[in-house]
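This report refers to the structure that appears directly beneath it.
In this document, chain identifiers A, B and C correspond to the written order of the chains, with residue numbering beginning at 1 in each.
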Amino acid sequence: MSYKLQFAELLPYWNVLLQGLIFTIVLTVVSTVAGIAVGTAGASARTFGPVWLGRVVAVYVELIRNTPFIVQLFFIFFGLPALGLKLSETTAAFLAMVINLGAYSTEIIRAGIEAVPKGHIEAGLSLAMTKWEVLRRIVLNQAFRKIYPALSSQIIIVMLGSAVVSQISAEDLTYAANFVASRNFRNFEVYLLAALAYLVLAMLTRALLRALGRVIFRAR
Amino acid sequence: MLQFSFWDILSNLLIATQWTIVLSLIAFACGGIVGLALLFMRTSRIPALEWFTKVYIEFFQGTPLLMQLFLFFFGIALFGIEVSPWTAATLALTFWTSAFLTEIWRGCVESIPKGQWEASSSLALSYIEQMRYVILPQASRIAIAPTVGFSVQVIKGTALASIIGFVELTKAGTMLNNATFRPFLVYSLVALIYFCLCFPLSWWAKKIEGRLNVAR
Amino acid sequence: MSLVSIRDVRKSFGANEVLKGVSLDIAKGDVVAIIGRSGSGKSTLLRCINGLETYQSGSITADGIEVGGLATNLRELRRHVGMVFQQFNLFPHLTAAENVMLAPTVVNKVSKAEARATAAEVLAKVGLSEKMDAYPSELSGGQQQRVAIARSLAMRPKVLLCDEITSALDPELVNEVLRVVEQLAREGMTLILVTHEMRFARDVGTKLVFMHHGKVHEEGVPKEVFAAPRTPELQQFVGQVG
């Protein structure tokens, strides 16, 4: 039983696939920046903020980490309109990604903050710095330095997970692949190409993050 | 339009949850077996086997699970074999799970001090004997917490099987949403059920890890 | 006919040559003490004898087996050449008896009953009969090291290699281990020890080997070598250690 893989039939659709790829990249970059911001805020709240706020953050984190991303996505896109909050596919996709990465980052960054020796915090406080100044200037950069690899891994995991946004018709790489498949029925070829594109993207992101880490965290 | 009560929705979801659990268990068990084989290959010091496992892990960890599901679903069909969503989902999740479990376990094996390897090899034990009697018994104790932690990822991964048509909890939710037009309720319940499945495992994994750190 | 024969062995770790042509003959029943500064290559030489390290040129033969060949040779070699480590390396998930019984049952395919009898015998020899069912975490350093010795003895080796086996022990525990080694020597076991215990080397050793910069610098009967070191390096070393 021979089947010739017809990659050539994908060529006419290179533009569609490229646009999907760009959407995935933009989605990842924006969600990463916003997600880490959320994570930093969440981790800070849990370690330095009032107890009630810490509990709220804890609930948020556990909810997100113990439910599938696709369910979160469906909840935001299909569920929220029932409460009057209607979002476009793109907005819903971004929001779901940010909320998702935000929860995981909160946990990762929190671990980093808790690993900073108490002595450093006490030293800062006894120099009359406020809790927030100590956080900003002393704790956070040590914490980030330590958890940077774990955070980088999580970014890539979330990027790969973004393939799911195609299910609410956000026009990412997977959506583009679905589109092409529906046109020429070369399902296997297009999904293989898309998978490899994601793989290359993951490898490049990993290399980029590693280089970025070396620049930001120059050994002192 | 058929009227679905709250309990209609919930009971349908719970019925579908059985399939989520079954798929999770099978993927986890089979993935574990494959992962163990990969572990032996990866640490065998035979270059061809090590290279193969590295490529395997790179592929299954570096591509979206959704793509893997599509590839198995459409790829097997190319050979003329009828593939059901169930088969494709089981295969994809098994291989995906095996890639992650093998890396987790490799980390545990590599954390065993070199002296254990040297002492056992000085007693003339072969590689397989070293792994079986000395290294794995110790590594598996360390591996329990992260392995239980990963089981949570497997359960969440089964949600993607809905996309290729396998009727588990998420698919049931989608179907019920289409039938009832009550997405907020339906997806809240879906999320809640996943939470009830996953949270105990997450909590247990954290507890084991805590106990292990105290014992050191 | 020497039991262990080392001929012009050279070994490098990358660009760093650690053994620069070592030759040594060890006869049956010899108790060889290898001394020298850190970095002189003592432990590396020992580890080459049982194949834990490979070497680039020269030859080593132990009990008729060529060291430095295929994997099957290593398994056979290690049934005849045992090793005791500085860090004991007991298997923490097994009791003392199980530690001792493991290799005989798995490698020599001895029955469990026979292995247990052997374990009782060797553990009695090292003075730990009552600790047969204790786990390593329940034993002191000296006790752990004695179990490690028993574990090697259970394989009935022809040669026992000891790599600084007392260096990781608190001073008051060193003697109990040295006494066991002394008894083994008296019973005719061939021993090669890398050690810092000079008094032991002088009183129990039959041959002293002083290594310096990867070569055998001086060799001889311990009492004579210690009393009258020929080379300035050994004079300095002995003077420092006292």
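Here, a contact is a pair of C-beta atoms (placed from the backbone, for glycine too) under 8 Å apart; a residue touches a chain by one contact, two chains touch by 3 or more.
These numbers were taken from a predicted model, which means no experiment stands behind them.
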Of all chains, the one whose CA centroid lies most distant from that of chain C is A
Chain ID, smallest distance between chain and overall C-alpha centroids
B
Go ahead and note the Å separation of the Cα centroids belonging to chain A and chain B.
21
Inter-centroid spacing, chain C versus chain A (mean Cα positions, whole Å)
55
Chain B and chain C, separation of their C-alpha mean positions in angstrom:
46
Would you pull the chain C residues touching chain B in the complex into a rising list?
50, 52, 74-79, 82-83, 85, 87, 89-93, 102-103, 106-107, 148, 151-152, 155
Where on chain B does chain C make contact in their complex?
113, 115-116, 118-126, 129, 133-134, 137-138, 141
Under the stated contact criterion, what part of chain B meets chain A in this complex?
58-59, 62-68, 70-71, 74-75, 78-80, 152, 156-157, 159-160, 162-163, 170, 173-174, 177, 182-184, 186-188, 190-191, 194-195, 198-199, 202
Parts of chain A lying in touch with chain B, wherever the complex brings them together:
1, 3, 62-63, 65-72, 74-75, 78-83, 156, 160-164, 166-167, 174, 187-188, 191-192, 194-196, 198-199, 202-203
